[in-house]
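The two complexes that follow have chain A in common; it is paired with chain B in the first and with chain C in the second.
Here is the complex of A and B:
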């Protein structure tokens, strides 16, 4: 398997195989690999890089899962740093953002698997956010949380989703997929739902007309083959439902967790995962360089290695920062636009469903003019 | 020196062409070897460099880069330095150092330009303290061949107060070099090089 033969397959529109995926991960020439991914990225999205204005709310970090990879969760309310937001505290986060004159189009809500909260807490949370800003898109609850609600409250996954939809849910985030291989899952997150359960939640959501994202956590103990298997399982579900909007490669961060003896993945690995996922996941429209996970500099570079989206302005991200991310807590739209333009790309503000919100002169001014050199 | 790519007039620089050219030049210069050192003296000006080399120290010079400088301005600056090297300036390495809000791509492109312009300078170093291990390793694919900065023998786990410690161990430095496709050599006292066993 050579890069040339893989390139021919891509030109002919033939989906890449498992062996192709492994060969791409083993390709020593990162720039050649990047060039190939960039070709596909530019065929799909030209030179556009999208972003949105969003706010993260993590309602609780109390969690029954005890995943080794996590720096965010706390087992009991007595542990230092444990918290559960009251509903008004959670709503105030959105209110503060609206009052600041920098409103968001999306709220991203994810949290721990809290065994002590009633289901109504989550329903009320969404309803309150919608009351504050009716046009807001709420992207909330990873498949792992939805599955936890299903088990804890003894409701079908479909019923959980129906009740959240009625409360204002707009789409699902892609977190919690980690790595599908049971060998890895057993060691890094044994108490989370398994791969089939994770995929089934997304399948159900897609069947109900919801869109979602998907992710892969890399850089712990997984093999290249396990990464490829993970990506291909996502691709297979996408063939079936067409419900995934974006794939987000998530780099493992080792600070403050039970895997802190492991080194973080290198930038070469970050860009390689980004490029290979662009090439393998031909049926998933967007590859997101999540700057909180990659760091600003690597995320900016990833726009030339397959990524066409930089996520959003974020604000108050907790999960990665507790694991050692040195990215800022938030970026302003002008800062994101600058990052994109400085990489020689054209910024486009989008909403959660990738509809264009603003582009060209409608975007806020930033220090670096369009067309300036990186 | 003109690389013919990534000029101010070009909003979409041919990152890959410049990177490949710089990587090829790096391999020609080093034979596919990458280096790291736990202690590297870096001069911040030409007089300091001259004084350092006069006292028998290795000649390594920090070269700043800002987002405001155009590709042509960078190339002119590097050409002048290359000329000084041809005229006898003792310079064993340069350390491209981003200043102010200089982002990832701008840094990588400057690293590549350093490698391509300074043919008489054997090494392009990455200061891990400035670039961090991630961008630092990427720079190894754009013409850099040596890591310097906080490289230590052992580091406590990144927990509590030690979370966010940017130091990397010697083994991690070697791993970064190998991950970029280079054979890892440690620069020992007196300039001796020792291959770092995996």
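Here is the complex of A and C:
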């Protein structure tokens, strides 16, 4: 499998095979790989990089799953740092943003698998957020949490989703996918739902008309083959449902967790995963360079290695920062715009569903061929 | 100079391309009188005043290097297998009890003794006449065989060690076998240009020279041709100078040379600027530059402004690969000691300096310095980078005392004082720059860091650092340092609103000086770090511009062997990616850094982290010293 033959397949629009994926991960010439991914990225999105204005709320860090990869969770309320937000504390986080004159268009809500909260807590949480800001988009609860609700409250996945939808749920985030291969899952997150269960939650959500994202956690103990297998399973579901909006590669950060002996991510690996995902996931429109995970400089570079989205302004990111991320806690829209421009791309604000948010000015025209200048 | 210059040269095949143009009467017929002699006679003739210039073995040169100057740009060298200097035996090297030596070659002998000693082996050495050497190999007795005899021994011995290859794998630098050398002042710029022209003509005819020699000596013509094309290199570039310097230093340490020596060159003529071609396509330019062809200033400005980042990166990566094919990325463990922050220069981009007398102004005491140096040694450091403010309280004698104290107490190389600090000492003491440098060298200075260059363009300098030396002065100090055999680095800080032409102009000045002196070992660039300084940031100093500048520097600086990535300012992640945009060195596991740290940049990583970063980027990490000699 040479890069040239892969390149031919790409120009002919033929989906890449498992072997192609493995070959791409093993390709020594990072810049050639990046060039291919960039070509596809520019065909899909010209020179635009999107971002949104969002806020993270992590309602609780109490979690029954005890995944080795996690620095965020606490097993019992007695452990130092364990918390569960009261509903008014959670709502206040949104209110503070609205009052500050720097409103968001999205909240991203994910948390631990808490065994002691009633389902109504979540329903009330969403309803309260919607009351504060009716036009707000709530992207909430990873498939792992939805599956946990299904188990804990003995409700069908579909019913869980229906009730949350009625309370204001707008879409699902893509977390908790980690690596689908049972070998890896067994070692790093044995108590999480398995691959089929994760994919089923998204399938159900897509069938109900919800959009969602998907992720892959790389840099723990997975092999290249397991990465490719993961990406192709996402691609297969996407062929079936077309419900995924964005794929987000997540670099493993080793501070303060049970896998601290592993090395932190390498920027070269970060760019490689970004590029290979772009090429393999031809049917998922967006590849997100999550700047919290990558760091700002690599996120800038990643916009030339397949990524076309930087996530949002984010505030109060906890999960990665507890694992040692040294990215800032939040960026202002002006900062995000500046760093996209400095990377040689055209910044475009979007909403959660990737509609362009018109800020009084027309969308900049596509300047293809892009690439002359970062 | 009306009198003809008397040249004496070794007659070996590997020196033939060097004398080719002169021998054939194609250059310098009026100027040179060329004779051939036995290797040892070449140096003796120069010593006895019978010849002005000798193409002499490095060992002969080493014996009196202090009195000699070397002609720039020309050498007999190898960067890997040399084929004609081999140790042979029926038992492995470690098991040889004695080794027969060919009395004719002092250089090969010295190399063998050095490599043997450094491997902790102690065989006896026995001199044997040249024609009996191959027969001397019996039992556990090995033999050092040199010259064309090596091309006839295929299959005769169970163990064959190519010493050129051995040296290269150990040190990571070329080995230099012979150079043109003579007393200071005997050659003019024009003579140097003629000698270089003779080599240029010889290099064009290498294959032919090799084949003709092979036919005369009953050897397969392909062997003669390959030998000159593949094994022997004839350019004395920065790397060869580093290799020769490493050989002299290691031989001194091993007790084979009585004094440590530096390689000092004759002045060289200013290089010719490449003729811009008739506007080749952008891709064409990149392909040529990736293959090592020289870019003109106009062409580089065009690439800077127009070329897609990936294309630039790929071209730079190819160029890096051909210069460093083993996939090695080097780094050094040293400590950056900023001995004083008192400074009268007041550059607007600097957040480190304090006016002399300011309550926060400091000069480190002996005790504080000693403490830092002790820690450096304990952490495996091999060098200190000593840089500070322009402090009017510190005299030349202060630095001489300081260096002597450091050298007497700590096994650390002193990489110290930027051109601006040296220029200031020359002004303060009213002494020529050369004298200041000579006194600092005598006190222990080993090499000069390339700081204070910022952008070598006086329009920019007047705006950001009006009290600092001009671009010409910076270049002149470096020229003097190189003339004394000091190796230096070169830096560039961008992001001051300079135009592409000003930025490339900086690289051009460095490239021109390097053509003349080959004294720079490495180039390092980074972007202006603005936090807390008086200079507002108005320019793009992001990572993608950094990668663009770095890639272009790799292509433009065709005579610089090494490009450091600047993880200190850009962060380790960008540092890793930069290894694919032309960088081949991860800089320093800095134990301390104060200047950019006070401007908001605080990346700190250990040697382990560096090795991890380098491996993570797909390269093999090796530890080096300032000469880029492997020391792990």
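Worth a mention:
The definition used in the following text is that the second predicted complex is superposed on the first by the 357 of 374 C-alpha atoms of A that agree within 3 Å, B and C clash if a C-alpha of one lies under 4 Å from a C-alpha of the other, contacts with A are read in each partner's own complex, and residues count from 1 in each chain.
Rule of thumb we're sticking to: a contact is a pair of C-beta atoms (placed from the backbone, for glycine too) under 8 Å apart; a residue touches a chain by one contact, two chains touch by 3 or more.
Please read all numbers here as calculations on a predicted model, not as lab measurements.
The superposition on chain A brings chain B into a clash with chain C. Of the two partners chain B and chain C, more residues of chain A are touched by B. Of the two partner chains, neither chain B nor chain C is touched by A:15.
Of the two partner chains, chain B and chain C are each touched by A:301. Of the two partner chains placed by superposition, only chain B is touched by A:47; chain C is not. Within the superposed three-chain model, A:328 lies out of touch with both chain B and chain C [touch as defined at top]. Legend: residue contacts after superposition of the two complexes on their common chain; A:260 is shown touching chain B, with no touch to chain C. Residues common to the contacts of chain A with chain B and with chain C across the two structures: 28, 30-32, 34-35, 38, 263, 266-271, 294-295, 297-298, 300-301, 304, 339, 342-344, 371-374. Listing the residues of chain C that touch chain A in their complex gives 305-310, 313-314, 317, 540, 542-545, 547-548, 570-577, 579-580, 612-613, 616-618.
The residues of chain A lying in touch with chain C in their complex are 28-32, 34-35, 38, 263, 265-271, 294-295, 297-298, 300-301, 304, 339, 342-344, 371-374.
Contact residues on chain B toward chain A in their complex (touch as defined above): 6-8, 10-13, 15-16, 19-20, 23, 67, 70-71, 103-109, 131-138, 141, 157-160, 163-164, 172, 175-176, 179-181.
Residues of chain A that touch chain B in their complex: 28, 30-32, 34-35, 38, 47, 254-256, 260-261, 263-264, 266-271, 294-301, 304, 324, 326, 339, 341-345, 368, 370-374.
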